[in-house]
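Okay, got some structures for you below.
Note that chain A is present in both complexes that follow, paired respectively with chain B and with chain C.
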Partner chain A sequence: MSASPRRRLRDAEAVSPFMAAMLGLCLAILFVPLAIIIVLSFNASPYGALPFEGTFKWYEALFTTSDLLGPTLLSLEISALVALNAALFGTMGAVWLDRRASRAGGGLFRIGLLSAITVPWLILGLAMLLVMNAIGLGRSLVSIYLGLLATTLPYVVFIVVARLQSLDQDLDHAARSLGANPFTSFLRISAPLLLPSIISGTLIAFMVSFNNFLIQYFLAPFGVQTLPLKIYTLIRVGYLPDLNALATIIVLVTCLLIAVLHQLGLRNAALPGGAAP
Partner chain B sequence: MTRRRLLQALTTPILLLPAALVVALMVVIPLAVLVWYSFAPDGPGARLSLDSYRRMVATPLYGRLALKTLWTAGIAALITSAIAWCPAWALSRLPARARNLILLVIVIPYLTSYLLLIYSIYVVLGPGSPAMALFRLIGFAGPGASILYTPTATVVMLVYENLPLMIFVLFSGMQRIEGTLLAAAGSLGAGRWSRIRHIVFPMSAPALVSGLVMVFVPMGGAFVESQILGGPNGLLLGNVIADQMTRADDPSFGSALSLLLLLGTLALSGLVSLVGPVLEWLRSDRRTRDVRLA
Partner chain C sequence: MRDAPDGLRLTAVRKSFGATEVLRDITLHVPQGEFHTLLGPSGSGKTTLLKIVAGFTPADGGEVALAGRRITDEPPEHRNIGVVFQHYALFPHMTVAETVAFGLRMRGAPKSERLERVAEILRLVRLTGLDHRRPAALSGGQQQRVALARALVIRPELLLLDEPLSALDRKVRQEVREELKRIQSETGVTTVMVTHDQEEALFLADRVLVLESGSVRQQGAPADIYRNPVDEFVAGFLGAINLLKVTVDGEFLRIGAQRLALSAAQIEAAPPARSGVMHLAVRPEQMMVELGHCESPGICVNGRLTATEFGGPIVTLRVDVEGQEVSVLALSPDVLSSDLWRPGALVRLRIREARLLAATASTK
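Right, the complex of A and B next:
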């Protein structure tokens, strides 16, 4: 009864054991399947059978005999190209949206971008294929490139716009009143401040494009297999030890990219003229 | 001044052009074409007709499939929110350092290819795996059976892949709830449970609704999950739509089914978002009535 207000606040804020246990359980649900795949990638049995017997042979197979390597490299190439272009065009679009857009034009652009990530990609991919067939591109690498670009642009634009809006425009105005033209002022003042958010957008665009199975499913030329398409055809065969190895590598790379994103976020918040997101 | 204006007039379209062209060509025009094709069963050049829609209504299979799809997605969305609620609340009360670390960890499966996630669930749900033994123990599956290749497996997969998103959305809503409110309620005698029920739950309800909508729409468009894990009875509308484009080669009918799916998910999402405001309105109505009576 005689608890101080601060003590009361601390009690009210405390995480109850039940809630903490639920959090632990949820993390377990999320990571047990991935952990099983990682453990099995070091297991010698080609059918995932126990007892566990350690080996690196599936990693060796991955880089020598496995047919997963080709699709992986293709996916990496396409995604790198898409991510870099999305970064360039997305940043330009974001600058337009923040600095130049009329209310109606900006609204339309936003609606278009939002549609690209809210309409289920099954439906969007199918609709893209209809248009690509109509204009003669059909299923082709160009179609894949355009489709993936359209689904990754929104992420870059929205991330960079959020950063632009938190930037102090006075910095820009100051540069301009000191005689810099708009290009110089953008390159010397805004661009360095935007860089972390542009890199974040690029990384997210890369991951989205790498993993976007549905767009690739509808737009890939017959016979060309990106990694998601390859997994899709292989997965009905059953257990795949070399896929376990590849999945382990992909999860590790994802962790690495997320760590980079986190670092960028921290620096983002510490930059002058910007509030923490 | 005029030179600067000229420069602006020149640079503005250049900034916008690439992104706008891509969005127009790959998002806006395709969605418009989808609507157009659904009215053009004999090819885009021919006379417009309602034949595809007539066929859709005439065959009860498609209506049933649409309901089953909305039902599956709805159940999966509700289970996701039920599993995510408590962890999101715990996260929102943890100290910043631990919280950020756990949020980062939760992003990992969210950004991992969902085909890999499907594959991992496929391995986990295999008949001999320990996870299946657990499912049998809690009565989720019959003895000796695996839920692999049943509609339940589809739901498990949909919940698994959307759990991180649901946690983020709930967490960002709950984070805004001030601890002082809870402390005030506590000092007025409210226990842990009644604080959750009367403060945290109502205040996080908007986040719950937007989380449900955010996972429900993509769940309605699921197709690989049901194809790989769902078995022969697990097909959803998404599978039929994909087949119309790839195997049956009937883009008009596929377009009509896509619009059915899109409008169905959007309508249901709209209804769910309306629940909150309607309840609020009913309550305020009663309050004003009470005031009038007094």
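Right, the complex of A and C next:
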């Protein structure tokens, strides 16, 4: 008699074996392929054949003979430019949304930004190509820049606006009453407090832009290949493990970025006004 | 009277949010160096008025003048007004010294002058030695002082305090309250404080303005408006008060079957109306209570004790007078010394001072 209610109590708190298994499976699907790619990048066989034989030759090849480096640099350059611009315009948009926007204007802006996240990029990319063709830009680097900026801007705006809303507006009032004009007040008071959020937003914008195969696929000029486009082509014709080496480096850099984001999140949470990403 | 161009002057200031009228034709004058308090419940418009004076919110109409200068349309950074915010609004990323120096920096003061004036003001608010702390590492009372120092260091022509004590706990609040009074009188800065706490207002202010639904109900020296409230709202807002339903009958008041001479209750000779049902407003400390019935009718009121509530130095006695409950304060030694003060005991009340107020519908 006494054992059954106790078991019930324990069940309510414990992770059920089924849930644990599901969680394990999800993590395995995520991480096992990554682990395999990392291992294969150090394997001498170009076909992933065993036995494992350690080598750095694919890394060497990546930086010497491989044709992956060009697309990688192009992707990095485009994404850096897009992320920095998204940070600038996104912060301006966030300030406008929080401090100046009318109810209707702000609502429209939010809906517009949300649609850039929720409308499938497949549709968005196709629609953008139509517009770019219509206005004479066509497939070009400018089109890629505009397309990626539009898809990354919402992330910066939403992250910064969340932080802005948690900032006491009296901070601005205090600075104003002490003699600061609106611009100085923003620069001296709000900007330093927003900085962790702006950096978070920029990093996320960078990753989204770097990853955005669909927008790049639709808007890239023929013959110009960003890294996602290059990989797509290679997958269809077969590739060498130098791609594994590149993937390993990208995974490492991503881990580093996540660590930075996490640190920034902690810094944000430590500031009065509470947590924001 | 000379028309001195001093202090703060508001003329017919109006403000509405949508259809709600928050302030209606506020006109007031705070002379140079005085400490005025805007006292009112939440929603009375007091904070909006403060924001209009500071320049954070534009008024819909009317004029704001400071030291003879019309500042109605000036942005806050051109007004030279120091503001202490309810939640202090200290800059989280700056140290105490940087925070206090901010206003001087904005005015382009050279470094040597900044250091000197920051040190001087930190001495005034007794915060020396904490210069390099950040707000998060300060207690509530210390944060309050930093906020005050930051507002005073610019030598403002007006100091605005928005519920400056409400975020502090009771004990610290009393300390800071006394500090505030000392600092205000040492600097001689014209000060306007907004509060909903009548005790704070009465303690600190040279003059109290009671606000309700956007207009000034009464203004005057604290003791004056406490003793002579113009209506039931002001009377009740400034502290506990008994409102006894009475009928005016010539030189007498009728309370149920009892009669009380106007002269016995020190009621001013000309009450607002001499007939009909009115309210006799008596503060609990303005009555003396004794055991036993009144020997000569007309000078005191009979009642029956219903409860005694012990409160340390004082005891609150609840007395039933002709079906109406009256609260009376007595010193606790007087009541505790005898066991005759039991519920049901017959008592007599002598009224030292009272006022007759028009009975409003809100209080039956």
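Here is the rule we go by: the second predicted complex is superposed on the first by the 247 of 277 C-alpha atoms of A that agree within 3 Å, B and C clash if a C-alpha of one lies under 4 Å from a C-alpha of the other, contacts with A are read in each partner's own complex, and residues count from 1 in each chain.
In this section, contacts are C-beta pairs under 8 Å (C-beta built on N, C-alpha and C of every residue); 3 or more make two chains touch, one makes a residue touch a chain.
Note that the structure is predicted; figures quoted are calculated from it, not measured.
S.K.: Now for A:L153: first (chain B), second (chain C), both, or neither, which partner does it touch?
M.R.: first
S.K.: Which partner does A:L171 reach: the first (chain B), the second (chain C), both, or neither?
M.R.: second
S.K.: Going by the contact rule set out at the top, does A:N181 touch chain B (first), chain C (second), both, or neither?
M.R.: both
S.K.: Should A:L137 be classified as contacting the first partner (chain B), the second (chain C), both, or neither?
M.R.: A:L137 contacts neither chain B nor chain C.
S.K.: More residues of chain A are touched by which chain, chain B or chain C?
M.R.: After superposition, B is the partner touching more of chain A.
S.K.: After lining up the shared chain so the two structures overlap, which partner does A:A61 touch, if you call chain B first and chain C second: first, second, both or neither?
M.R.: Touch status of A:A61: no partner.
S.K.: Which parts of chain A are in contact with chain B and also with chain C?
M.R.: 181
S.K.: List the residues on chain A that touch chain B in their complex, please.
M.R.: Result: residues 5, 8-9, 11-16, 18-20, 22-23, 25-27, 29-34, 36-37, 40, 48, 88-90, 92-93, 95-96, 100-101, 109, 112-113, 115-116, 118-124, 126-131, 134, 146-147, 149-150, 153, 157, 181-182, 204, 207, 210-211, 213-214, 217-218, 227-228, 231-232, 235-236, 239-240, 243, 247, 250-251, 254-255, 257-259, 262 of chain A touch chain B.
S.K.: Where on chain B is chain A touching in the complex?
M.R.: For chain B paired with chain A, touching residues are 4, 7-8, 11-12, 14-16, 18-20, 22-31, 33-34, 37, 44, 83-84, 86-87, 89-91, 93-94, 100, 102, 104-109, 111-124, 126, 129, 131, 160, 163-164, 167, 179-180, 182-183, 185-187, 192, 195, 217-218, 220-224, 228, 238, 241-242, 245, 251, 254-255, 258, 261-262, 265.
S.K.: Of all residues in chain C, which touch chain A in the complex?
M.R.: Within the complex, chain C touches chain A at residues 54-56, 75-77, 79, 81-83, 85-87, 89-93, 102-103, 106-107, 135-136, 150-151, 154.
S.K.: Show me the residue ranges of chain A that touch chain C in the complex, using the header's touch definition.
M.R.: 168, 170-171, 173-181, 184, 188-189, 192-193, 271-273
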